[in-house]
Structures are given as C-alpha cells and as structure tokens.
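Next come two complexes, and both contain chain A; in the first it sits with chain B, in the second with chain C.
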Partner chain A sequence: MSTRDVPLLEIEDLRIRVRNTPGAEILRGVSLRLWPGETLAVVGESGCGKSMTSLAVMGLLPEGLERTAGTVRLTGTPVPIGDNRAMRRIRAARIGMVFQEPMAALDPLFPVGRQVLEVLNEHQRLGRRAAWARVIELLGLVDLPDPERIARSYPHRLSGGQLQRVVIAMAIACSPEVLIADEPTTALDVTVQAQIIRLLKKLQRRTGVGIVLITHNLGLVAHSADRVMVMYAGRKVEEADTYSLFTAPRHPYTRGLLDATPNPERQATGGRLLNEIPGIVPSITDPMPGCRFAPRCVRRTEACRARVPDFTVVAGHGVACFDPVPRPGEVAA
Partner chain B sequence: MSMTPLLRVRDLHCSFRVNSGMIHPVRGVSFDLQRGETLALVGESGCGKTTLARALLGLQPPSAGSIQIEGNEIAGLNRVDLRRFRPQMQCVFQDPFSSLNPRKRVETLIREPLDVHQKFAPEERRRRVHLMMEKVGLPADWGRRFPHEFSGGQRQRIGIARALILQPDILICDEPVSALDVSVQAQIINLLYDLKSDLGVSYLFISHDLTLVETFADRVAMMFEGQIVETGPAREVWCNPQHAFTRRMIDAIPVPDVTRPAPPAFRLEAD
Partner chain C sequence: MTASPPRIPLSFVGKRLLYGMMTVFAIAVINFFLLQLAPGDAAEALAGEAGTASPEYIAELRAQFGLDQPLMLQLWAFVSRLFTLDLGYSFRYGADVADLIFARLPATLLLMTTSVVFAVIGGIVLGVTAARFANRLPDRLISFTGLLFYATPPFWIGLMMILVFSVWFGWVPTSGMENVLAFNTGWARAVDIGHHLILPALTQAFFYLAIYIRLVRAGMLDVLSLEFIRVARAKGISEARIGYRHALRSAVMPLVTVVGTNVGGFLGGAVLTETVFSWPGVGRLMFDAMFQRDLNLLLSILILSSVFVVVTNFVVDILYVLINPTVELK
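Presenting the complex of A and B:
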C-alpha cells in the first residue's frame, strides 16, 4: 500500500463538550482527512470549533473541556490525544503548530534562536554545535535575513512578520508530517500575510508537509488551499476542492459567507451594500434538534428544524443540508 | 459657505517622546472631508492612522498643523474650549469589548454623552436613547442589560448608538469591524451606510482593509509612514493605483474569487 492511500491526518467523529455543563457541546462530530502534500483550509466564524479541532488533535484542550468521542490517526496509527506524556513525543516532532499571535507563542525572556534550539533538544539528539548550526539553517529556511543575528535577538526586537517566521521555523524544526496553522496571518499586515503564505507553500513544496490552514479569511483560502472544509456551530457543513467550493457552494451558510465577503470585483445583489447573513451564531448550549444554521437560513424548511441533515458526499463534494443550493445550471427542486 | 469643508486638516504633525527618543507617527497630513462624504483612510499597522484619529478627536495634541471644523480651528484648544466642538465629532472604536464600561447598563452607556453635554431634559434623553437603539437595530427592551450580555456585533451597535446620540456631523470610525466575523461585519457596514443617509453624518473611516472600504467609501486616502501618499475615488484607487505602496498592497490582497489568478505576492514564481 503506498502512502497515497493513507491520509496523513485523519479525524473521526470528534466530539468535545464543556465539563459539568449539560448540553454545552463545542464539537458535534467532526471528521476530516488530510492527504500528503495537501493544504486543507478549515473555514468558519468565531465559535464554530475550528481552533478546538486543532487543539484536540494536539492534545491541548483547555481546562474544563473534555472529549466525549472521536479518534485521531497519523498515517494510519492512532494518536494518544488523551495521554499528555505520549503527546509530548508527537507535538512538534510529527505535528507542528503555528498560532495566530507570534508574540504570544514566544518567550520574551530568551533570544529566539535559543527557543528554536529548545524544540530541537526536546526531540532530537544533536551535538551542541550541530544543533546550533541547524537553528541557523532553519532561520535561513524561513527566509530570515542574517540568521546569526536574528538567532541572538530577543522577540521584542523583531517585527510581527519576522516573529511568525521564527514560529514557523520552530514548527518545522523536526520535519513534522503535518503542520497546523491556526490563523497564522490574522495579526499581520496584508503584504506580510502574502509573504508568510508564500513561505508556507514553499516549505510544502520542498518537504511535502500536509498543512491544515485554519482561517476566517476566504480570500486567503481561495488562493492557498487545495481543499476547503466549512464549519458552523461545531459541525462540518460543507467540504470540497477549493475551485468547486468557490464556484458552486452548496450549503446556504457557505453561500452566505462568500456573499458577505467584500469583493471589489463583484457587486452585492438585492440593493444592499454587502449581503449580510441575518442573526447570530447560536449559543453552544442551545439544544436545537435540527440544523444549527436553520434560524439564519434563507432556504430552511420544516425538516431543518426537526433533524440534523446527514453529511452527504457526491462526486467529492460534501454538504450537510436538506435543501442545498443548486449547482449552476441545475434546476431547483 | 459651501466652499468650506466640514473638516479641514492641514499639514498635521504628531510626535511624542518615548524611552528611545522622539517618534513622529504623523508627518504632515492634509485632507478635506466634505459634508455627506465617506473618506476612508487606509494603511498598514504603524502608518500613523490611529494617531491621526486621536489627534483629530483631541485625545492627543498635535505637535503642529491645523484642524478646522467648518472653519473653526480646534488644534491646540484646551480641554474646556474643545468641549464645545466634541459633540460635532464622535468616534466608534475598534474593540467593542474594551470600549464599553462593563458596569453600566446599555441605556446609560448610550445616554451618557447627552448627560455629559447636558442636552435635553431627562425625559427627552430617555426618548432619544430608545429611538437610537431602534435605529441601530438593538431590541428596545434590552436597555437594562449590561454589555457582556451582547454579542460582538451587538456591542458595536451600542458603540455606534453612543457615538451618534449627540447627532455629530462627523463620525470617526477606527477599524469598527475588524474584530467582527464576516457575516456580522456586513451587518455593521450596511447599518453605517444606512445611518449615513438617514442622519446626514459624514464618515472618516480608518481601516487596513482596502477591499472593504472600496465597497462603500467615496474617497480613499492611502497612508504610509505618516503621510498620505495617494488619494482618489475608491474605485479609481483600486483599479488604477498610482503610488508604489498602494500597488504593493493591492498586489498582496487575496480576492475571494478562484476564477482570477492569485495575487502576484502569493505566487511562488515571484521568488
């Protein structure tokens, strides 16, 4: 069996809830697969569970949350996400992580080179000289100019973009198979964002690392992901290759998100400046029995409020909706 | 009279002393805001746009230059003299979580500017608060609630109501939607747009997001290293950027449309 047949990362029916709060479910059964060399974007608005999914994979669930179901596999082997000691050998070594706030991911008291070194020392047996040489090499790999100088710099001396490069260097230090990037460019200016995305793509091309890109920015997704998964209120509502998702979104929420995103190349319809999605995201404790998007949905039917629609995949395009948006050219049912 | 712009800024400079010496975030900014106009000030972090807003609001005295509201000079006025002009220029801040006092009820928060400036009798103040809550799309019977009971978008509606209750001529919006989700961002932008024609207020809209302001600003001023480097009609700046900084920014903006090529700054071949 070639590695092509086994997903790099596979999450199956992940469920997370708040301890001691009945009905407070943060993830309501999320599954995903990441293939070698692929970038999978996980898209959704705050509270949809996209960050919780990645934290659960790393075994880093915040205090007070618990996993009630779900398995995670790395190249086919189960990941012991509940076992903190075992997870220490997997974090950074096999799954690297890049967070939104590079300043918060680094310790202000130590030069950045030493912090990259710490990751290496945790997972690899290198001599002192070899390890430091590798630190300099890594800082060069993420296109930081003058890596020797940067390595000796404290975080506050570096710009946000430079810090995010250091964090990426730490994330790839042990050549992980999977890189999870949680809003890696949200705190950065748009020109720096482009540099960071280009850097991630360059590293991917070099090493074949699979990237899970968690973001709310659909523009970013359109030009950097191979596949997209859209989440809403703790569930996956749609998944497709990037081209299909943008040109023929099936879930009304995906359609709404795309329409609400400012796009100078397209005019809003219906006389509004921007097409808004009315209403707000339901509370995680809201016990609604049906689709959690139904109260805000323009296409809702009686069935939507009664039952949760199954996630159905047709020709690689999956959607959880009783009455999905018709494909272009398809006649509405 | 119609020749006098609502807000006229000329050669404005702001500088302050920090540990390592002087910094000079605003370096000679000039622009006019006409009545009924939406002017967007766009730039990256550290370009001086927020310092400029603070100077206009009198929260940070400028080191040189002129700020005129309908021909009246307000730069260099002391707090007491400035108070006369404050009702004319109000502000909506970026963070709807830290800009509202968590201990005050929403109706108090919205009414406060009227109390401070001693406008209207108590009964009339209450009536106006309710009207304003309705205008910004807040349930009228939620006035007794506290800010934490509201979502981010609703809190920004509270901030807008509070800013508009004095019927200002100018509303400075400093990144009012950058903390919000896309679907809620659209709600707030549509609301601001509707209120503009409804109340006859003019906007100075500060943002880092050129695609957003392109959809609703009349004019855009691009700010770079403390100076305005390019101004023009929003559409014109987007389609035909003149300054190198504007071009660099537009080349890096990913438009959510897969049928178009990736922005130049995203392409690997660019290396």
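Presenting the complex of A and C:
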C-alpha cells in the first residue's frame, strides 16, 4: 500500500458535547479525510463546529467539552487526542496550527523571534546558533522583510499581517505534515487576506503539507481549496471537489450559502444582490430527530423531520440530504 | 540574539527623584504637625517616669530640649536640619538619632526583606498552582489555608508558632536575633541569625501571602483564558512552561504593584512582629519613641519609612518596564 492510499489526516465519527449538559452536542459525528498535498476547505457559519473539529484534532478542546466518540488518525496511526502529554509531541511537530486572531496569538511580552524559537527548542535538537539561524530563515520563508529586525521586535510593533506571518512561521517551523488554518484571514484587511492565502499555497507547493482551511469566506475557498466540506450544526452536509461544489451544489444549505454571497451578475439579471437563508441555526441542545437544516429548508420533505439523512457519495460528490438539488442533466425524482 | 534592553530615560529618573524628595518633605512637615496634636511631650514623659518631678524640673527639661520655643521656630529648626541630612539628637537615649536608627536598621531590613521574599515566592508558587488546578482540590486547599492565615491576627500566629516550633519541638529559638553569648563569627553567626529569623519572617509573611496568592491566582486565570496561551499549547510546550513563562509574566504585574505599596506596611507590621519576637529592629524603636514623645526619633523613623515607600515605588516602575516591554516610561 503506497502512502497515496493512506489519508494524511483522517477523522472518523467525531462527536463532542458539553459536559454535564444532556443533549448539548456540538459535533454530531463528523468524518473527514485529508490527502497528501491537498487543501481541504471546511466551510460553515459560526457555531457549526468547524473550529471545534480542529481543536479536537490538536487535543485542545476547551474545558467543559468532551469527546464522546471518534478517532483521529495521522498517516494511518491513531492520534492520542485524549492524552495531553502524548499530544505535546504531535502539536507543532506533526500538526501545525494557524489561528484566527494574529494580534492575540502571540505573547505580548516576548520578541516574536523568541516565540518561534520556542517551537524549535521544544521539538528539535538544534544548537543555539543553528536554532536562531533557523528562526531567521523561517521568518524569511514567510516573506517577512528584514527578518533579523522582525525577530527582535515585540508583537505590538508589528501589523496584523506581519503577525500572522510569524504565526505561520511558528506553525511550519518543525515541517508538520498537516497544517490546520482556522480562519487565518478573518481578522485581516482584504488585501492582506489574499497575500496570506498565497503564502500558504506557496508553502504547500514547497513542502507538500496538507492544509485544512477552516473559513466562512467562500471566495477564499474558490481560489485556494482542492476540496470543500460544508458543515451545518455539527454535521457534514456536503463534500465535493471545489469546482463541482461551486457549479453544482447539491445540498440546499450549500446552495443557500452560495446564494447568500453577493453576486453582481445575479443582480444585473433582475435578481437580488444576495439572498439570505431564512430562519436561524437550531440551538445545540435542540433535540431535533431529523435533519437539523429542515426547519429552514426550501426542499424539506416529511422524512427530513423524522430521520437524519445518511451521507451518501456518488461519483466523489457526497451529500446528506433526502432530496438533494438534482445534478445538471439529471431529472428531479 | 535577544532584544535590546528596555530604555529608562534619564529625564524620568530626574523627575521621579525630584517628586520623591518633595513627597518626603511634605510627609515630614505633615507628621511634624500631627505629632504636635498628641498631648504631652518628651519632658513630661521623662519626668512622669521619674515620678517625683517638680514643674520647675519639667520646665528646665523643656528649655534644654528646645520645646519651649514657638512652634514655627521648632519647625524651622527641624526643616533646616532635614536639609543638611541631620536627623537630630534623641534626648531620651542621649544619642544621635542617626546612630540609633542605623544601629537597628539592618535587623529590620533583614526581617523585612526575608518576609517579602517568602511572601512573594510563596504567593507566586501557590497562586500559579491554584490557578492551574482552579476549582479542584489543590486550589481549594490553597485558597482555604490562605484565607485562614489572612483572617488570623499576625501576633497570634507568631505566638502560636513560638509555642509549636520553639516550645514543643524546640527547633528554633523563641526570641531575639542571635545568641550573643556564643560569640559566633562568620558563617556560624549567619546560620545562628537565620535560625532566629525564620519564625518572625514567616509570621510577617503569612498575612501578605494570602493576598499575594489571591492576586496571582486571579491574574493567572485571566491570562490563561487568553488566545496566546492556546497558541502556546498548540506549540506542544509543557503546561508548567506555559504557566510560569507565558502566563505568570503577564499575571505578576498586579502583584508587583501591591508589593510596592505593601513595603510601607511591612515596616508598620514590624512593630508587632518585633515586639512578639523581641527582634531588635526599628519597629520597636518607633513604638517606644511614640510613647516617650521622643519627637526627633519618631519623626526620623517616619521620614525613613516614607523614603522606603518612595524608593520602592520607583523600583516598581522600573520593574514594570523590565517585565512588560510595552510599558513606556515618560
């Protein structure tokens, strides 16, 4: 079996709930596979569980949450996500993480170079000089000008974009196999957003790192992801390659998301600039027996309220829906 | 390979020096008037102790001490002495005030420094531990014990410690600063003094320890919920390193402020501790001077204490910059 057949990162049936609160489930069985060299985008609105999925993979679930089921495998080997001690050798060394708020992600009391150095010192045995040289190299690798000066700067002296580059340098310092980027551009200016994504793609081409890109920015997804996974209220509802998902979304929720993106073309042809999805996301404690999107869905049927639809994959395009949007050329059932 | 050291501008030092001197001067003058409000004077106190003093004798003493002069003249004499750094003469002890104070200052400084160090280190270690195990058994034990010590009067803690550790177990001496009859020198003397020092220093430290634990615990809990702590965890570094290297450095700022303001309090607390343990320090000297209306001595000690507070606050400001590079001194 070649490495090509083993997913880099595999999550199976991950379930997370709030401790001591019956019925408060945040993840209701999420599975995903990331292949070597691939960028998988995880999309969904706030609270759908996409960040919790990434924190669970790192073994960094906030206190008060617990995993009730699910396994995580890295190149086929189970990751001990419940064991904080054992996870320390995985974090940053094999799975790097980039966070949402670069301004808050760095310790304000240490020069940023020292914070990159800390990762190296934790996982690699380099000499003092070699380690510092590597810090400078990493800062150069993330396209920071004058890395020597930046390395000695405190976080409050740097811009959000610069800080995010430092955070990325920290995440790739030990050449991890997987990079999880949790909304890496949300807190940044639009022009800087594109630069950061381009940087991530450049690093991917260089090292072949697999990237899980968590975002709610569909424009970002269209340009940078190979595959997209859409989540809604703690479940995966659709997954496909980026082109199929954008051109032929099958789940009504995905369709709604795309319609909720401002589209001047649609407006020019007499439509509205954007169409919002009516209703609100159900509360995590809502004991809904069926599809959690059903109350807001335009295509809901009787079955939707009674049972949870299975996630079925046809020709590489997976969807969890009883009555998905027909594929182009397909006649509605 | 490290960052350039934080700059401490000379203008800042100069300005603080000037303000500090003004503060000390103001405190000296205010204390001068405050002490005049207390009934009686040194002559009466001295004569009262003799028991058989005639009014003529008291008047003679007053003239000798300069207490018969108008108040403003006394103030003038006091202020002009102050500016020449002359602390005056204690008629009570028949010695220069400066000699009296400096003979006893080392004992007090030793006691104060030791107890501050005990309280700060204990506060940090226990506070960090409590925060790392927030609302679990170690935290509850630490918080309960801290509260217990905070709620118990220091002199009582001192007496109980003497009872337990000196009388029952016989581990440490009951009082005094050293065994003078042993004529120890060098290391032997240091060990002997250390032996005498443990109980009074702990007694003084316990009260502040409780406050420091709470400060550090609260500060740590604030910082531990910040995003950069989660990022630090994602780097794979140990919980202990996260606690002491990343969280503590931010969390310790309020502690620095409070320790700075407590240093004056430590001198006040020294009165009790030094009395309970017969520690030959400035606290006892101040206490006696008050009852004997030994104005020169008392005022000098009060000025010394205000100098302490001013200097400590200056040190605290410098510490801020060393701990937190985002602080700028102006």
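Going forward, the second predicted complex is superposed on the first by the 325 of 333 C-alpha atoms of A that agree within 3 Å, B and C clash if a C-alpha of one lies under 4 Å from a C-alpha of the other, contacts with A are read in each partner's own complex, and residues count from 1 in each chain.
Criterion: a contact is a pair of C-beta atoms (placed from the backbone, for glycine too) under 8 Å apart; a residue touches a chain by one contact, two chains touch by 3 or more.
Here the structure is a predicted model, which is why all the values come from computation and not from measurement.
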Original post:
Since both structures carry chain A, what do chain B and chain C do when superposed there: clash or fit?
Top reply: fit
Subject >> Included angle at chain A between vectors to chain C and chain B, based on C-alpha centres and rounded to the nearest 10 degrees >> reply: 80
**OP:** Mind working out whether A:D226 is in touch with chain B, chain C, both or neither, as first, second, both or neither?
**Re:** neither
**OP:** Mind working out whether A:R205 is in touch with chain B, chain C, both or neither, as first, second, both or neither?
**Re:** first
Subject >> Comparison of chain B and chain C by chain A residues contacted >> reply: B
Original post:
After lining up the shared chain so the two structures overlap, which partner does A:V119 touch, if you call chain B first and chain C second: first, second, both or neither?
Top reply: second
Subject >> Per-pair minimum CA distance [chain C against chain B, superposed on A] in Å >> reply: 10
Original post:
In their complex, what parts of chain A are in touch with chain B?
Top reply: 45-46, 160, 189-191, 193-195, 197-198, 201-202, 205, 216-224, 242-243, 246-247, 256-258, 260-266, 268, 272-278, 280-281
Original post:
In their shared complex, at which residues does chain C touch chain A?
Top reply: 1-4, 226-228, 230-239, 246, 249-250, 323-326
Original post:
Tell me, which parts of chain B touch chain A in their complex?
Top reply: 44-45, 151-154, 181-187, 189-190, 193, 208-212, 214-216, 238, 248-249, 251-260, 262-263, 265-268, 270-271
Subject >> Contact set on chain A toward chain C in their complex >> reply: 58, 60, 84, 87-93, 96-97, 99, 101, 104-109, 111, 113-114, 118-119, 122-123, 128, 132, 152-154, 156, 167, 170
